[in-house]
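Below you'll find a set of structures to go through.
Shared chain: chain A. Partners: chain B in the first complex, chain C in the second.
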Partner chain A sequence: MTSIALASGDWRVIAQRLRTDRRSLLAGAVLAAMIALVLLGPLLSPYRPYEQLDITHLVHAPPSAEHLLGTDSYSRDVLSRVLSGGRVSLAVATSAVLIEVLVGVLWGLASGLAGRGIDTLMMRIVDAGLSVPRVLLLLALLAAMPSVPVWLLVLVLGLTGWFGTARLVRGEVRTIRGADYVLAARALGATPARLALRHLLPHALGPVLVASTLAVGQVIVLEAGLSWLGIGVQPPQPSWGNIIGDGYEFIASAPWVSLGPGFCLVLVVLAVSALGDGLRDALAPRQLPRT
Partner chain B sequence: MRALIHRIGQGFVVIAIVATATFVLIRLAPGDPFAGALENAHLTPALRAQWRAAYGLDGNIGTQYVRWIWALLHGDLGWSVSANQPVARVIAAALPNTLWLMGIALLLSFGIGMSLGALQAARRNRATDHVIGAVTLFGAALPDFWLALVVLLTGAYWFRVFPVGLASDPLLPVAASLGTVLRDRLAHLALPVLTLLILIAAPVARQQRAALLDRLGSDWIRTATAKGVGPWTVFRRHAWRTALGPVVTLGGLALPALVGGSVFIERVFAWPGMGALAATAISTRDYHLVVGCVLVGSVMVVAGSIVADVLSQLLDPRAMQIESDVSRITS
Partner chain C sequence: MSAPLLSVRGLSKDFPIRGGILNRVQGSVRAVTDVSFDVAAGETLAVVGESGCGKTTTGRCILRLVEPTAGEITFDGVDLRTLRGAELRRMRQHIQLVFQDPYASLNPRMTIGDTVKEGLIIHRLADGAAADKRVQSLLDEVGLRPEWTKRYPHEFSGGQRQRVGIARALAVEPKFIVLDEPVSALDVSVQAQVINLLQDLQRDRGLTYLFIAHDLGVVEHLATRVAVMYLGRIVELTTAETLFASPIMPYTQALLSAIPLPDPLAPRDRIVLEGDPPSPANPPSGCVFHPRCFHPGKDVACTQAVPPLEEKAPGHWAACIKQPAGTTDFFLPAAALRSRRAAVSPAT
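Moving on, here comes the complex of A and B:
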């Protein structure tokens, strides 16, 4: 029933609900500010993110007026690196989630429309994917590769995250594919592709939107974790994760190197998940499962 | 009972898919596990062939697959280059540490999380509810390794209350009394458990609150109240009891994230478990060990989710019934 209320015309209602939800507004504002900051990063950042300013005197300088977030073990300005790394982190996360959604939606639609045998097989694969801890899967994949350029990281992140979306879409398709209007469309000779995109997909869009908003937060954290382990974004290119990783070795003597990017990470992830929650409430108050 | 057997069968299918996928991954890896060593021009072709045979890399891919699965079934996960031991033995040494940590953290988290959620539901829309709600929303969204870093920094560096890492003090005398050993263990457990506690209790509390509120609005609660059952008894016997199912289900669903998160958390606290092992395996490019960790981690998750399913069915026999009804209608 949840999805029925979400027929395309209701987007204005949803936007209205979001606008009146204080938490979503705040989250949206924080997110917009962070995105603006990292996009304008090159203009705002006081130093170049790769520049080793003074390797003899400026190593691990604590936060000060010249270096708001201090400097790291190579005397680089942490704030400049955080601004530049934020671009990488956010870009990687959003692109990976786009891949997730694309693959998940297609898989879910195909599985939902397929006959029983193929549907079962496709869903068993999804079950397998969901039951392997994603971090472990990523470790196995990334460890197998000699080097990981950023585009490959995005691809790997995207291809390990679509299982939930697929199951979601498949569930929606299964519940409405017997509906009268779908039968009518089929009787009128609609092709399976048209049926899927025009009549079934719009109903699954709401839940998919919520899931993918929350997924952006998860992927930002995942990328940060992988980069922290040294198998994500490769230095010297900064990302929030590998800046935190750089600082981790010196956490006792120079905690600011990790704390600065970590704070940005937490802020963005909190904002994204609050926005996802708000979106869920706006789409179908109290009806979608809270996990 | 038949449902249980069916569910375990499903679990085996999933494990088989994971095993096959990891095999394909090994094969996809460019070159082979000791490509670097094989580039040595001094090696004779005969020696290379001997190496390949020793590591099971000769023959066509079908033979290799069968051989690999056969070895797996016998508990042979290959050879760990970094530990210079069989992978199975390395994992067997690390697994108990992880199970300890997870077990204690899960018990505490569910206890505390469910109490918080129940408190929220009982004090719905009042200050208590709002405060706990804000805290749990925050806790549920915190990145795991970040939280671990902050906990470590606070508990072991800024306030030097707890040890920095490891599961026990390596300098502890062998003849230390039981009390000393116990205190040492607990001190080492404190920070990682606290980290996991924040991460797990938060979503548990949220789920418990939602499930309780859902139950409190239902007809049988109104009936019980109308019959004159006191509010406390209604809450405990009619709402709490039926809200257990969804919370346990959440526990099953949260397992993959938990096992995955342990990679980061154990590494931060140098906790000698599966997660830290996987992280080390990555940094030393010990590929068989990585695969072994992935497989064992998946088995843990599959087994855990079966337990969660069985538990939630015992708690609410309708769950399985409804599920089978739904699948009958939809298929």
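Moving on, here comes the complex of A and C:
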């Protein structure tokens, strides 16, 4: 007798699989270290991220014991800016993904539970959203705005990214809303809200978790791209994207300005992606001997 | 007989068939056609028939899990079809369902304790420690260990899961339970245990059952009365005893002759029906059974008029125009049945 362990929905089993997967462990450790670094940034950073230390003598100083990642064209300490910018980049990405998940899950649940007409309408809206390249959509929206405070950037990033999540959740809801155990809950007199939260949503949670982990990586890159273009996080507030942008002009003479934040960006995105893949594997159904 | 607990009149259910580029409705399948029956408090009405005859749909219409196309369903004096929203959810406490498939019917992400507890919470019958205690006593009542509440469905066998499904239904103290082939997916030895459990529960709690089955052997043991369905219609309805002793309908006779005998060497006359059950999307005219019927009196009239379900003998309804009312004189190739009964109980 075998049983499918994912189908058990037993989170202990999933945690156990993650703990025994070396890739996920490494990715988790890297990510935890980076998060700890940027959170503790204000305590660790040797200088203030906005401070122009010595505009006459310290412009583009190469990495040294005093300035581990060198200084930029305004004589600011790059390490301090990377730590501070990391807070911004990670906070923007995770908040935007939270909005994505919230809107996507609600939209998907509603669409999955709705009748034919409303479901079709809601999914055509999703199709429309998915049919426009996200970068173009973002460029158009952000370029149209006179100024882009960080909260608005988060909102715009979140509201352009939920379409995939909505479709994912709707699909999961459709596949199990006719399942016997869902019928049993209806026969018990469960309200639609109870059905959605207790029986349908938990089924969709695994795939949503995987998708949103991977989405964090995407949004970090997106935000960096937008900031590099100058329409994301606005200077002098640092983010990894605009620090890379600042250094771009001097990439030949002072490569350290871009390389420091670039390295952090790549490391975090790789770690997030690896963790997402690990989660996907851990959540995949597989046959286990019956316990 | 006093007023029945459940009364079904003229129940029909059509499922639309969609197709084509525009996904338009192109036709319909008549899953259930003009079904009427009563169930008295405390009895077990069995509904039998082959796959696709509409027995499961009938059960789900009673529970309003499937919206009937037409007909009346009266439960305990209340017209179920008029109930909406919260009223309907309150009524659900009184009518419960046990499923055929013990694997699909339990939420794999919930412990069995939470599954059984859900009804208690929905209907505010108990909460906190009192609810946990109720769950434990329910598990005990269906023959499971009370300390298993924290376990997940995948940790149990099919028979044990079916007991969890029964405990879930019992939790809300229903009067009426639709048992939708509750033992068909189980091993024969486990079937007997679950059947005995269902009988004990009926006795102890005064439950009324609608027992859907395709296995007449199980029905004979459990049912008070039996309704035989064919292609969405009830074709014969009587007490279990009468049905097994003197079935009127040729279809019922064929079903009875198909019951396996414990003795493989016993002589038997199987009635083997010709052909397949017709498609419910395109049912035959007149008596839906006429293409497969072996009644010697079968003639062109059978292909024209839909036979009404008539009381041919007291308490014995059948839908056959070749069977005159008021007689118990059947054409019957009864040898088939006699040989079966002789093999089952040589004394009679």
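Structural remarks
Assume the second predicted complex is superposed on the first by the 275 of 291 C-alpha atoms of A that agree within 3 Å, B and C clash if a C-alpha of one lies under 4 Å from a C-alpha of the other, contacts with A are read in each partner's own complex, and residues count from 1 in each chain.
Methods note: a contact is a pair of C-beta atoms (placed from the backbone, for glycine too) under 8 Å apart; a residue touches a chain by one contact, two chains touch by 3 or more.
Nothing here was measured: the structure is a model prediction, and the numbers come from that model.
Of the two partner chains placed by superposition, only chain B is touched by A:I231; chain C is not. Contact with chain B, but none with chain C, is seen for A:V269 once the two complexes are overlaid on the shared chain.
Between chain B and chain C, it is B that contacts the larger number of residues in chain A.
When the two structures are aligned on the shared chain, A:A36 is found in touch with neither chain B nor chain C.
After overlaying the two complexes on the shared chain, residue contacts for A:A185 are found with chain C alone; chain B is out of touch. By the touch criterion defined above, A:A15 lies against neither chain B nor chain C after alignment on the C-alpha atoms of chain A.
Judged by the touch definition given at the top, the superposed model places A:I118 against neither chain B nor chain C. Contacts of A:H203 after superposition on the shared chain: chain C is touched, whereas chain B is not. In the superposition on chain A, A:P146 makes contact with chain B only, not with chain C. In the superposition on chain A, chain A positions 290-291 are in contact with chain B in one complex as well as with chain C in the other. Interface residues of chain A, counted against chain C in their complex, comprise 1, 3-5, 7-10, 179-181, 183-191, 194, 198-199, 202-203, 290-291.
Per the touch definition, chain B reaches chain A in the complex via residues 10, 13-14, 17-18, 21-22, 25-26, 28-31, 137-138, 140-146, 149-150, 152-153, 157, 203, 206-207, 210, 250, 253, 255-257, 259-261, 263-264, 267-268, 278-279, 281-283, 285, 287, 290-291, 293-294, 297-298, 301-302, 305, 330-331. Within the complex formed with chain B, the residues of chain A that make contact are 116, 124-125, 127-128, 130-137, 139-146, 174-175, 217, 220-221, 224-225, 228-231, 244, 248, 251-252, 255, 258, 262, 265-266, 269-270, 273-274, 277, 290-291.
Remark: chain C residues 60, 63, 65, 88-90, 92-93, 95-97, 99, 101, 104-110, 118-119, 122-123, 152-155, 157, 165, 168, 172 touch chain A in the complex.
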